[in-house]
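In the two complexes below, chain A is the common chain; its partner is chain B in one and chain C in the other.
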Partner chain A sequence: MRILTLWLHYIRTSLIRHMEFRAQFFVNVALGFVWLGFMFFTAHLFFLHTNEIHGWTEIEVDILITSWAIVGSCVQAFFWAGLSEMTAQITNGRFDFYFVRPVHALWQIIFSRFQPAQVVEMCAYGILLVLFLAHSAIDVTFIGLTIYIALLFCALLIRLSILLMLETLSFWFVNIENVKYLYYSIVDVGRYPTVIFRSAEVLFLTVIPIAYLGNVQTLFLVGEESWQLLIATLLVTVISVSVATGFFHWGARRYSSASS
Partner chain B sequence: MPESIISVRNLQKTYTAHKKAPGLKNSIKSLFKRQTIQVPAVRGVSFEISPGELVGFLGPNGAGKTTTLKMLSGILYPTSGEATVLGHTPWKREKAYQKQFSLVMGQKNQLWWDLPAMDSFLLNKVIYEVDDAQFDETVNHLAALLKISDLLDIQVRKLSLGERMKCELIAALLHRPKVLFLDEPTIGLDVVSQQVIREFIREYNREFHTTILLTSHYMQDVEALCKRVIIIDRGSIMYDGSLTNLVSTYTTSKVLTVTFHADVKPEEFDQLGTVRDFGPNRIVLEVPKTEHLKVASTILSKFPVDDILIDEVEIEEVIRHIFNTNGVGVSLNEEQKF
Partner chain C sequence: MSSRSLNWSLLKTSVKIDMHYRFRVLIWMAMSAIWVMVYPVVWLAVYGDRTELSGFSRSDLLTYFIGILVMEYLAQSYVDEDMHEEIREGKISALLLKPVHFVRYFFFVHIGYKLLPLGVYAVLITLGVSVLDIPFSLPTQWYTLPVFACTVVIGHLIAYNLKMILACAAFWIEEAEPLRVLYWIVCNLFMGWMGPLVFFPLWFQQLSTHLPWQYTAYFPIMIFLENVTVGAMTYGIAVSVVWLGIAVAVRHVVVRYSIRRYNAVGS
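Right, the complex of A and B next:
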């Protein structure tokens, strides 16, 4: 309960801060929609030449992109600003404060910042998903939808784990701001059907678990579920979260702060 | 003597760094092969602090003051040694401990830059689980003491450095910590702000009996606030004891400031002591401690004296002397042998 109260206060404080920069809020929302447009545009380029991509129809790819983007914008809205500041804060020593407050440092990093513009995006993607489903012949069952939402939550945890692992490298390497680009490059692959990567698909189902960022969710929603995939998703989520948090705690022990 | 609230035994911290000769060629070389060195920041530091004490932690840049404070705050893990603060091992980062201490760093701020300080206070209220009544009382009381009641609703980025530091102090004290680590709280501040913060720290320590460990480069801070000082240099404690004892033990001279109602020449004082300053109708003379009365008497009888003032050598100079003689076998610890 206390954690929820604190999170709400962090959201409240971030919201107050964002209201100081009104123009920035509207620009961010607008840029988000431009990005959304480009994302669908590039995906549909393929369908100018073919009706399906290795078994994936146009509507399925739309659902895949939307599912991937819902999780992506959720990360951007609630977790990105805090986590992505880690590198800078470790470099300039402001990370010190996370270790002196009576709230777990990792919790503070993940939850301390909120970006309202991305919530607008998230809602837009949610509406798009409903529209795509409404204009498709896909029969969505209650169970299918429930599993889909649970799998989106797994995708969120996997994304956060990837980001946390990359940012944790800052405990050893100074000023590695480019891990953010690496994060974007890795997760970006997840908005395409992983089957198109042929043999690399195995890699995306195991070592770099990006198949679980949208592909698996879409398969469940369109009725191509597989219980093996469900178990694999849960397993990968647990492993990702465990490895990422363990890695963070290992790094935190080696934190050397910055000279004042 | 009451039981210690802070107990530090043989605390050590060694950083790993690497050496690189200047120039592009050496930079390229260092990409493939570099010499790693171990830099001992703190070497076997030990001390005890009793509840309610206000102790000055002094030393030149790189002496190990901040590193020690960071270990006591749980920010850094030590390389070896032990420490307990309020019965907790700081680097275990236990919530029960974190709720009872606070760290203020003069060169880093924890307030939200784009928001009024009050918004950060409200966030800290939730973080430290401070109830409404205590929050209101503490904020009002501390803001009045620091004379910033009218600034709490202004964005932090629009405040002056001194005003920001006052807000930082309030943010750090909302939960009424039992132990307060102050790392150069007056750094960069103007004289007036320094004075206000000094007064505040003294008043806060008196009112709440908070144990305070203060590092500062300004000797005025230390003279005004600390009865006890710990002097650290190159990671080792050089002195731990009272400030008055430090001055009386490690000064061999006194300073005589004499004003005259007629002209005098500096050469006339050569035999009496070392002339440190000379101006119109005024001379500052450093004389051996054992002879200062005799010299004063001589000056009074031979010169047209208007006023004479006998002072101790400035504390800053004493400490400078200690740092300069460090490593030549000077044992400075009078009250405790480690």
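Right, the complex of A and C next:
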């Protein structure tokens, strides 16, 4: 309960801060829509030359991109601003503050900042998903939708784990603020059907779990589900979260502040 | 210190910084490589059983994306990222006091930053083409390489000047990040980062001919691939020179007026 109150307090202070720069908020919302247009333009470009890519039709790819983007904007809204600052804070020693407060450092890093513009973006993606499903012949069942939402939550945890693992590298390497761009380039692969990567698909289903950031969810939604895939997703999520938090704790033990 | 030795010192300093922060350089390289490797895979999936698409063979496509990877370092500029932070945090004050103009300073510093990754890429690409037998189309005409080199230089100067104009936005607005992201999207679309522009709709191709970005990557690579006629090559070079002139003139004015607005953090 105390944690929830603290999180709501973080949300409130972030909102107040963002409302001070209202123009910035609208610019970020507008930028989100430009980004959305860019992603669908890319997908449309591929389908100018073909009707399907390794069995994936255009509408299925659109659903894949939307699913991928819903999770992406959720990460951006609730977790990105705090986590992506980790490298800079470790480099300049401000990370000390997280350890002296009576709440777990990792919890503070993940939940301390909130970006409201990305919530608008997330809602837009949600509406788009409904529109895509309405215009397709896909028959969505209640169970299918429930599993889809649960799998989106798994995708969220996997994304956070990837970001946390990359940011944790800052405990060993100095001045690597660019690691957040590496995160973008890694997760960006997840907005394409991973089947096109042929032999690398195995890699994306195991070591670098980007197949679970949108591909698996879309397969379940379009009715190409398999129980093996569902179990694999749950398993990969648990492993990713465990490895990421374990890696963070291991790295945190090395932390000696910037000036000490 | 003479002008040449000053430039040389700036270059050397950047290389030394790169050598010190090797992991940071590795991250940049990995990031570019991942981004550039994804598109050819997607396009090859689009090819399906076809041997060519809009006049592009599979070998041309792979050469094109290797070219994009190299052009990312040869012709593109990321001066806006550094300058944005320097202006926001007031660190540019120190730079304004130095006996070298910051436009020149960043130009040579950023060229220096490219040398180490380019060297590594040169080795990796040579190994990939010779050992792993990755299909790679080499030019056959004697004039291709000199013209390619000229267009790379022009492309880099266009990119640098445009990015310098963009970087100056930080003198005027508190948070220029959205503007930078917007520029990134437009630039990537028109420079041919996602794929050869011949794969794009006709209206897009026609529009991109009149814009500066394709001359910073797509055009030089098409020259390397010998996929342009002599007439189109001449026209392209003429347009890129005009864009270079415009970019330099606008950058000159923008930098001049931007510095006047600067009042440093805390002052």
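In this section, the second predicted complex is superposed on the first by the 259 of 260 C-alpha atoms of A that agree within 3 Å, B and C clash if a C-alpha of one lies under 4 Å from a C-alpha of the other, contacts with A are read in each partner's own complex, and residues count from 1 in each chain.
One rule holds for everything that comes next: a residue touches a chain if its C-beta (ideal position, glycine included) is under 8 Å from a C-beta of that chain, and two chains touch if they have at least 3 such contacts.
If you're wondering where the values come from, they're calculated on a predicted model, not measured in any experiment.
When both complexes are superposed on chain A, chain B and chain C fit side by side without a clash. In the overlay built on the shared chain, the residue A:F197 is in contact with chain C alone; chain B does not reach it.
When the shared chain is aligned, no partner comes close enough to touch A:H249: not chain B, not chain C. In the superposed model, A:R17 makes contact with chain B only, not with chain C. In the superposed pair of complexes, A:F97 makes contact with chain B only, with no contact to chain C. The vertex angle at chain A, taken between the C-alpha centres of chain B and chain C once both structures are aligned on chain A, is 90 degrees to the nearest 10.
Contacts of A:T42 after superposition: chain C is touched, whereas chain B is not reached.
Of the two partner chains placed by the overlay, only chain B lies in contact with A:L6; chain C stays clear of it.
Contacts of A:H135 after superposition on the shared chain: neither chain B nor chain C is touched.
Counted by residues of chain A touched, the larger count belongs to C, out of chain B and chain C. Once chain A of one complex is fitted onto chain A of the other, the partner contacts of A:F173 are limited to chain C, with no touch recorded for chain B.
Taking every C-alpha of chain B against every C-alpha of chain C after the fit on chain A, the minimum distance is 6 Å.
Comparing the two interfaces of chain A, the one with chain B and the one with chain C have residues 21 in common. Residues 15, 66, 70, 73-77, 93, 95, 98-99, 101-103, 105-108, 110, 112, 114-115, 119-120, 122-123, 126-129, 155, 183-184 of chain B touch chain A in their complex.
Within the complex formed with chain C, the residues of chain A that make contact are 21, 24, 27-28, 30-31, 34-35, 38, 41-42, 45-46, 48-50, 53-54, 169, 173-176, 178-179, 181-182, 184-186, 188-189, 192, 196-197. Looking at the complex, you find that chain A touches chain B at residues 2, 5-6, 9-10, 13, 16-17, 20-21, 93-94, 96-97, 99-103, 105, 253-257, 259-260.
Note for the complex: chain C touches chain A at residues 21, 23-24, 27-28, 30-32, 34-35, 38, 41-46, 48, 53-54, 174-175, 178, 181-182, 185, 189, 194-195, 199-201.
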